[in-house]
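Take a look at the structures below.
Shared between the two complexes below is chain A, which has chain B as its partner in the first and chain C in the second.
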Partner chain A sequence: MIWWIALRAIMAREALRFVQQRARFVAALVRPLIWLLVFAAGFRAALGLAIIPPYTTYISYETYIVPGLCGMILLFNGMQSSLSLVYDREMGSMRLLLTAPLPRWFILSAKLVAGAAMSVLQVYAFLGIAALFGITLKPWGYVAALPALAITALMLGALGLALSSLIKQLENFAGVMNFVIFPMFFLSSALYPLWKMAESSQLLYRLCAVNPFTHGVELVRFALYAQFNAPALGWTVLALAVFMTAALRGYDPARGMMTKKG
Partner chain B sequence: MNGLDVSGVSFAYGEKQALRDVSFTVAPGRFCALLGPNGAGKSTLFSLLTRLFTTRDGTIKIAGHDLETDARGAMARIGVVFQQSTLDLDLSVRRNLLYFAALHGLGGAQAARRVDEVLEVMDMGTRARERARDLNGGHRRRLEIARALMHDPAVLLLDEPTVGLDAASRAGIVDHVHRLCADRGLTVFWATHLTDEVWPSDQVLILHQGRILADETCADLTQDTDLRDVFLIMTQVAA
Partner chain C sequence: MRTLALLALIATPAAADEIWVTNERDDTISVIDADTLQVTRTINVGERPRGITFAHDYSVVYVCASASNAVQVIDPETGEILHDLPSGEDPEQFVLHPDGKHLYIANEDDAITTVVDVESRTVVAQISVGIEPEGMAVSPDGKTVITTSETTNMAHWIDTQTQTIYANTLVDSRPRDANFVKDGKELWVSAEIGGTVTVFNTADQTELSKIRFEIPGVLPELIQPVGFVLTEDEKTAFVALGPANHVAVINADTYEVERYILTGRRVWHMAFNADETKLFTTNGVSSDVTVIDVADEAAETTIAVGRFPWGAALRVTD
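Let's turn to the complex of A and B:
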């Protein structure tokens, strides 16, 4: 019962923070919408796309990048959560959470679930706006995408959590942008199919193929067309387990950076 | 026992030894002031008492619960006020308290009742709806103490809780916590480097360079001299 009450409170707190930070919500939506409405329009002619699963016919470039932009929202939100965790730690409110009489894994998981829920809500807001611009999916696709979005959001949130245990100061967060977000996003299938990358460079192709973000995007892409991609699910769940283990080690009071701070 | 029992605790940041074989006991219902200059190891000790850090050297018991073997039992019995404010400034006073209550498993009517009680104890009953951001420094501190009392702890840990407050607010909070100790049998562990916050009947621990230099009542330690002088002499001689 105590766990349920605590989880509800952490989720409610995250939701309230989400509502209070409207600018963050708008920014999270504007970013993928610019890619969808401006970037995709410009690159439509330049990037020819063959028919690849889950698509059964030729699609527009806008349609192709929608799952990638859903992933972009989840990725940026995961990192944003990491930023707010570093901020919370510097400001002290993380201490309050960590001194609650709850197992640390539960506290971190609750933060993760709350952050992931907010990310998924933003993805649906984005899909709604995309639909207004004529980029629609079959109704069942919106439903089937929910578990895929949730798992991908948890995986990226866990990465943010692990990173937040490593980042000593808020100022170091710029490094996360340069060394995590951008490589993860551009070395993935979010903006171009992997066979396109293979044509240019086998090394880059291999990097894209091992990037967990690629698998998250593919999981979402297939789910949006009500199809199941088992390898993508497997890789995404594996990455979630690895990142969560790293986060738990990072926040373990007996090891990790909490004890190195002094 | 409901107090605080620390035995043989040592801690190092890599090569740098922060605490060396620290042992002391605070009996139930006592007010214990931990005095130490900057860098003495007070914050490290606080981090160990609140399990932000752990150590294999020594044992810490809070209200009889071993922090290593029964961490959740121990954490459920302490209230903590950190040196740095941990309030959510965008939430109202009431919501701050309810959020904390939930982290301790208190919800619904039970939590609402406790909010009213602790606000009454801290003379903040009329401020329940105000945003934490709109409170002055003294009232923010009072709110943090109220929050630390939400789950009815046996031991209250306060790490330099009066830092940055004006003299009147400081005196008000020191009086208030002493009263809580006397009226409610709360064990209080109060870290400070301000000797005027310590009363003659209080237990005093002087921590310097990671070691306990003194552990007795303020009256016994000072013998009619000024605590500030005793503190300065002890920490300068030991330096």
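Let's turn to the complex of A and C:
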């Protein structure tokens, strides 16, 4: 029972933050929409060259970029939600949270799930607005995407958790933007297919291919077309496990940064 | 012998309808199963095959082998070339008269339209037309045949009784394809360089309307209308826009463009399947065929065929 209360409290807090910071919600939607409606417009015909799975025919760039922008929402949101822990730590509310008579892994997982749920909601809001602009998918694609979005959201949230255990001050968020979010986003299949990367640089292609964000995006891309991509799922789940382990270690009072800071 | 024939009948499952696509560069025809959307056969034909049309009873298929200067007659069952028809130089497109007997062939290099009797395999008439004739159409009553000439920029109206031209109408630059619409009341002509489709009143050969195209993000000079087809109810037209890599969907009553569908590169011609749920476009440069879902007005899949596919025709098998 107490587990449930704790999970609900963390969820409610996350939801509250989400609702109260309306500017953040709008910003989280505007960012991908700008990419979709402004950036993609300049590349309309850029991809009418090759057909790669899961697509079966030629697609416009707007269509290509949608899964990547879903990933962008999950990435930014996952980072923001997890890094809010740094803020909690500074403000002292984390101490309160951690005094709950529950194992730490559960509290962290609850935080992760709550953040992921908010991320997924935002993705659907984005897909809804994209549909209003005429960028639609088959109905079952929206349903099939749900588990893929959830797993990817968890994976990126776990990465954020792991990072948050290493960051001392909130000001370092800018550093995370520069050294984690941007490289992860640009060195992935979100904006360009991997074969296009391979055309210009093998090194970039390899970096993109090992980037867990690429696999998350591909998992979502296939799911949006009601197709299953086993390798992408495997890599995403593996990355989730690795990041979560790192986060648990980071927040382990015996080992992580927490002890050093007292 | 009879048992053998019977056995053969039993052994052959009811074949699906097919879409036949001429590959200009490969000198072949790719045969696509209209249900499974797979290429089931590749048939070798003469050089540079372009125009393709089936006999009304689908017993034979006629193919313009442009560089072989022949119209080839092929058995659609076996893919065997039965014989050539005397076609004149460089046949590009043709149209089969409703009588099923006369083939009107545009001879691109000779500025001539050749009329061939497919039964006696003889040339019945040769009609001088404008330079580089290409688009061919026949009215539903069979009384008028149209030849469009790419360089003269005209549609020539040929009386099939006398095999003479009775009218010439100017159209926009480089007319490529023509079709009679609405029981022959209208004639539509596409102009590749002009970037338009002109609608004529067939009664007095006057212009009724002109359809123009505009695709956001595509240079206007790339919008080059070539082949076009209309649904059986003649409410919707699909126009291939060449290097614009799109097919335009047009409301045939209002002449308004309703939608553009992304296809492969350099889309030339199209063919419907039998129930008109799917439309197959030949994409010349990307060497594939895009299948459009007609109800959704959206591209469904794209199938690789031979190099430089050009013409497309439906073969009904039962």
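We take it that the second predicted complex is superposed on the first by the 256 of 262 C-alpha atoms of A that agree within 3 Å, B and C clash if a C-alpha of one lies under 4 Å from a C-alpha of the other, contacts with A are read in each partner's own complex, and residues count from 1 in each chain.
Here is the rule we use: a contact is a pair of C-beta atoms (placed from the backbone, for glycine too) under 8 Å apart; a residue touches a chain by one contact, two chains touch by 3 or more.
Just so it is clear, the structure is predicted and the values come from calculations on it, not from any experiment.
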Inquiry  = Looking at A:56 after the superposition, I want to know if it touches chain B, chain C, both of them or none. Which is it: first, second, both, neither?
reply    = second
Ask   = Which chain, chain B or chain C, is in touch with more residues of chain A?
value = B
Ask   = Taking the superposition as given, does A:41 touch the first partner, chain B, the second, chain C, both, or neither?
value = second
Task = Examine A:23 and indicate which partner it touches, taking first as chain B and second as chain C; both and neither are also allowed.
result = neither
Message = One more residue to check, A:93. First (chain B), second (chain C), both or neither?
response = first
Inquiry  = One more residue to check, A:132. First (chain B), second (chain C), both or neither?
reply    = neither
Chain B to chain A touching residues, read off their complex = 13-14, 16, 18, 44, 50-54, 71-73, 75-76, 78, 80, 82, 84-88, 90-91, 98-100, 102-107
Message = Could you list, by residue number, the parts of chain A that touch chain B in their complex?
response = 1-2, 5-6, 8-10, 13, 16-17, 20, 91-93, 95-103, 253-254, 258-260, 262
Ask   = Which of the residues in chain C end up touching chain A in this complex?
value = 216-218, 245, 262-265, 286, 290-291, 299-302
Ask   = In their shared complex, at which residues does chain A touch chain C?
value = 41, 44-45, 48, 51, 56-60
